[in-house]
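Here it is, the structure in full.
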């Protein structure tokens, strides 16, 4: 998002910072220069080769290149242009188009994360990944791919798995962080130390969880569709890996549902605590009112102007009344203390 | 709805404003005059021809014409007469009857949109669209069809897709607008700036979302039924397009469900905020009561008529008591301030 | 329910008012006299004939007749005797037994309608309808059948469809009426004009909707079972009609669900409005308390008996204090007005 | 539960009160004596015979007998020993094991009923029923079986049906009773005559309905499993009867769900009524406060000690002030009455 | 968790405390020493042998051993390393990997139990169980296995069943304990003896139930997957046992759901009780205010300084006024008592 990332992240000056091509041929990985982009086609025809084109924040130019080189279906092109798609896997001929969302943690502000959209186009011996913000996750995958292509896999299906797996794994630290946050929030609310901001925080959490759910449900369905091998991108040996991916997404969804229930509890608790505190306030109001009105009444009585009020003429009258006031207040204090109204 | 739309929207004076016929023959589109309506039948028999008859607010006459020309099933005729149908697709012989709803944004009043019913009758080489209010969407599709028939498609199935796609796309700006509105409402409520109208606004939103859900759920089912090719209107090549339509409707429904959850949160927040504000009021009432009753009690004490009250005779008595009152009130103010009750 | 309907609705004096037989033979409809009841059997054997026996509030005698003439399964007989069955369709051999509920609008009392149970027995060339209260709907169907047998249909399946369709159509005016009622109720509650009766009305509505749901869900399942042609009562040509019936029941159910959500909103709104009004009351209490206690304190101060209170001896003392009181009250009124506490 | 039932219910002194055997051979039913228990085996081998062994509160001895005579699967034995099983039907070889719950109405205490567990073991020509409390239902079935074996049925499948049907029918009076109770409770709560016990009663009802649901759901699944003929206990002719059983259980569940919704409404209503009553109390508090503080203020003013207060010296001063106090209180009473605060 | 369990639980000094191997060969069970670990492989090849390796809190070394000896799939290894998996059964070739959770009761602290993760690896003639805390359950199973191998079973499938059955049975006492706790909590809350800690306790309960549900749902799915024999670990004869396991898990889940509903009721009840108690407090405040202000007003009246107040000069004036005060307070007390405001 800042304007200078290329210097920091790209290591080949003549390739525009937002297009990066890695080629795997005969077990060796190399990065293509801008001028070699037309080589992609040639490499794709090589046996056992694999091309990974990654585009950050695509320009109209980039989209045209994609369309030309990879024969992308008009509907997929339109999705790419419009963005904000649901996670899904579409199969057009021998090309699979996958939309998925990465959770990018936020450092400042009340929100914990932002969802970054990724479109993947995978076909015979190529994978194209498109996203709109620099992605540390993609960067680290590129490094790993460059160093140990074998561990990432030499087929498009394996590369897609690796990408989806990295995306999914990115949700776990986020969820752990949320769990701690919810625990802390609940603790504060139940301990009546929530304050007015607790409500706002709970609502932000609830909304974030709703958004996670909205994205993760379809992502699980994508993994499931992969498992049912609705496209021939996935080799039989890769199935346990996609099963694992599916399991992880189910686990993430389970967590999200648990947290939604916990946040709902928290909001309920907030209401209960507010009600309790209202009761406490009203008890105190009642106690204060009685405490102050009793001596006021006594003072009022001795403020009456009757001619024949024997106490008024006594030397001990004034101190005695003050004593009576003090005693009655003292007894009321003890009474209300016992009832727990103070 | 206003009485003068024909002058503005129709460009053929001799066709009654509510019936408009577009014919595609040999790649050329032309608009038929009223007198040529009996030509429809002839054109429908031409190879590669396509007739699109659009009727706004049909009269009994129009319905009779429809019945005669397109052999509409009695049940479909009855639905047309009664209106307020659920979105659905019925297949009678080789004719598909589709009911769908367009979201027409409202400019004034508390409601954001109105749902306008559309009935489509599609068969071999013809599509009939019936609606009850002028529709800007239909108008723009007619323009596009007249200019670039190819882009809208030369078959009844494609034309139906185009119509349904336009209807679906109409929901997105509406939803974006609602999202902003909900955010704003929540912000106002949580910031205790909601006021009594916030409740009313949230209820209107909730009702609108319920109505959207009621219409969009069946519309998704229509798209799904199309996908499963339960009628032979749809060519195999068109399937990805109907898949895309289905995906869009699922996305719209997801949004609607998300917004319903958010509005529900908002109503919950409203309750919580009201409770909080009640607590604040009661704290203030308690504080005020105590603040005013303490000096009143002191004044009451020195209003007693005892003969022997040494302070009363002192020169400094009155100012001293005023001072005591001021000090006690001051200390109470500080005390309640610290507790946050002011 | 009133004792004299027979005179008004039956036109054949010698048939007991609760049994009415219509026969269709060779396109002509005639009403059988009591003495001809044994003719039913003969007519049923005629080709293209159709017998419709309608029984209101059956006596033990009527049940015995039914059992004898139409060989009703013991379980169906037991259901008939016990009543309060769920809507269902049971198939015993070549006889279909359908239980359905008609919504009979109520004129007085808080409830809007009553559900009247109907049992239908349909088999080869006969339909028997049994109900317990006079039914205007059945009466109008009999009239229509007598006048235009063809429009009601010459087969048992068509007659069953016509009966079920009439039952279903009876729910729509009821729902429109409820919609208006709910709108009105919500308007009153949100406008804080609900009063204590609003809660009672909302609860009655909720209960009515729960009861409707309980009856309409199984009725939809009946229509669906018919559609899947689980009995051979229904000809293939009739299927679109049963599809239409099914669609209507789904629409009714959709409405009922929508109304349930709206009534739930209304109850929520009621709570919110009550909370808001409590806040308003407490603000007023606080304001009144402060308004009255401030001058009381001032009066208390000048009621003290100190010998040296210079103001007391001044001519202008009394009016000045009254003025101070008035000014302080006035300022407090302005202050609370500005805060909106009055 | 009381210790003396055997004398009242058993009619054969030499059979221990908790084991009762009825045998049907050649259409005649007879009760076996204790000594004939080993005859069971012989009878079971007779054609057309049927043995029904009923055991109340089985001892270890009884269980051993069961195990020996009827070759019960170890898992079924364990369930028998542990009790508190879910309603279910298990098939072990040619033996079906059914667990079901009878609703035994309670006469005293806040709870309406108790659920009594029954285990049925049915196989070729025998049924064993085991329960832990004396069951009036079983007793009446035994009487009916003794008198009219044919009506209960001569096969194990029919006997099982009769038992399950009797169990199911036992829920209906209970539900009718609950319906009345809920109506009464709602009426009391909405009429603000609920008192603090209403909450407790509603919670007991809710819990009872939850328990009913937990037992009835699986019972319905048992009936459904029977219908799908997953064991060969059931003859084809008996299927309508099991369908009827299934329908009844669905009806019972529908009722239970309806009542749960009604009890939930009742609790909601309770909250609303409490809120309303709080508003009424606060209005009264405000009215009382104002009513009493206004004359107190007036009295305070004329209690001030200014030397020059002309009214004080007037003969009419005192009665005039009393009149002013009375008039202002009277006007305030009228004012608050009009606002409905009294 | 405490550092000294080995001394107490292991009976073979030369085996590291966290690895224990039991071998069944020719019907005899013996425990292998550390040095014999490489014998496992040999034993596994014997006909009718069975090896059970149990590892507590595995070190990197243990994991390497596992990987080497039992050829564990990389994904299963990763799950083992990462822990916190969902309960599941994965099949890799002829090895089944099962994740399940044991409920370990807690003695101190507010929480009732802790969930301990178990990973089981079962294949041809071996079972490996891995867990992270000492497990009394595993210990008792080992004892039983050593003593009566036959009762635990001589095949891997039976051993897995025994382990899963023991895990499941561990939930029942926990649930009984929770039921009592919930009853007690509800009783305290409804009886208004809940206090502020009741809310906290209810929230802890709710969270525990949510966690149980999250673990038990997938455990039920595991049992179901076993039943559908998706792996060939399970012999046909073992199916009723897995059916039983499945039934038990469904029962546990039913209980958990019931308890969740009860805890939700409890929280609702808490709110209702708080509201009721607020009403009671406000009634008391109103009563006290009126009780004290009436005599204060009377005293105020006789504190006025009018010259002509005939009562003031009377001997009986003062006692009469005191009597009037007492009588008016007495009547108010009776009035408020009758209304139940005290």
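Just so it is clear, A, B, C, D and E label the chains in written order, and each chain counts residues from 1 on its own.
In this section, a residue touches a chain if its C-beta (ideal position, glycine included) is under 8 Å from a C-beta of that chain, and two chains touch if they have at least 3 such contacts.
Quick caveat: nothing in here was measured; it's all calculated off a predicted structure.
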Shared touching partners of subunit A and subunit E are none
How far is the middle of subunit A from the middle of subunit D, if each middle is the mean of its Cα atoms, in Å?
45
Using mean CA coordinates as chain centres, what's the subunit A-subunit B distance in Å?
28
Where subunit D touches two or more other chains, by residue
271, 275, 278, 282, 285, 289, 293, 296, 300, 303-305, 309
From subunit A via subunit E, the ring reads A, E, D, C, B
Contact footprint of subunit C on subunit B as seen in their complex:
73, 75, 85-86, 88, 90, 92, 196, 199-200, 203, 206-207, 210-211, 214, 267, 270-271, 274-275, 277-278, 281-282, 284-285, 288-289, 292-293, 295-296, 299-300, 302-305, 309, 311-315, 317-318, 321-322, 325
Which residues of subunit E touch subunit D once you look at their complex with the stated criterion?
186, 190, 240-241, 243-244, 247, 250-251, 254, 258, 261-262, 265, 268-269, 271-273, 275-276, 278-279, 282-283, 285-286, 289-290, 293-294, 296-297, 300-301, 303-309
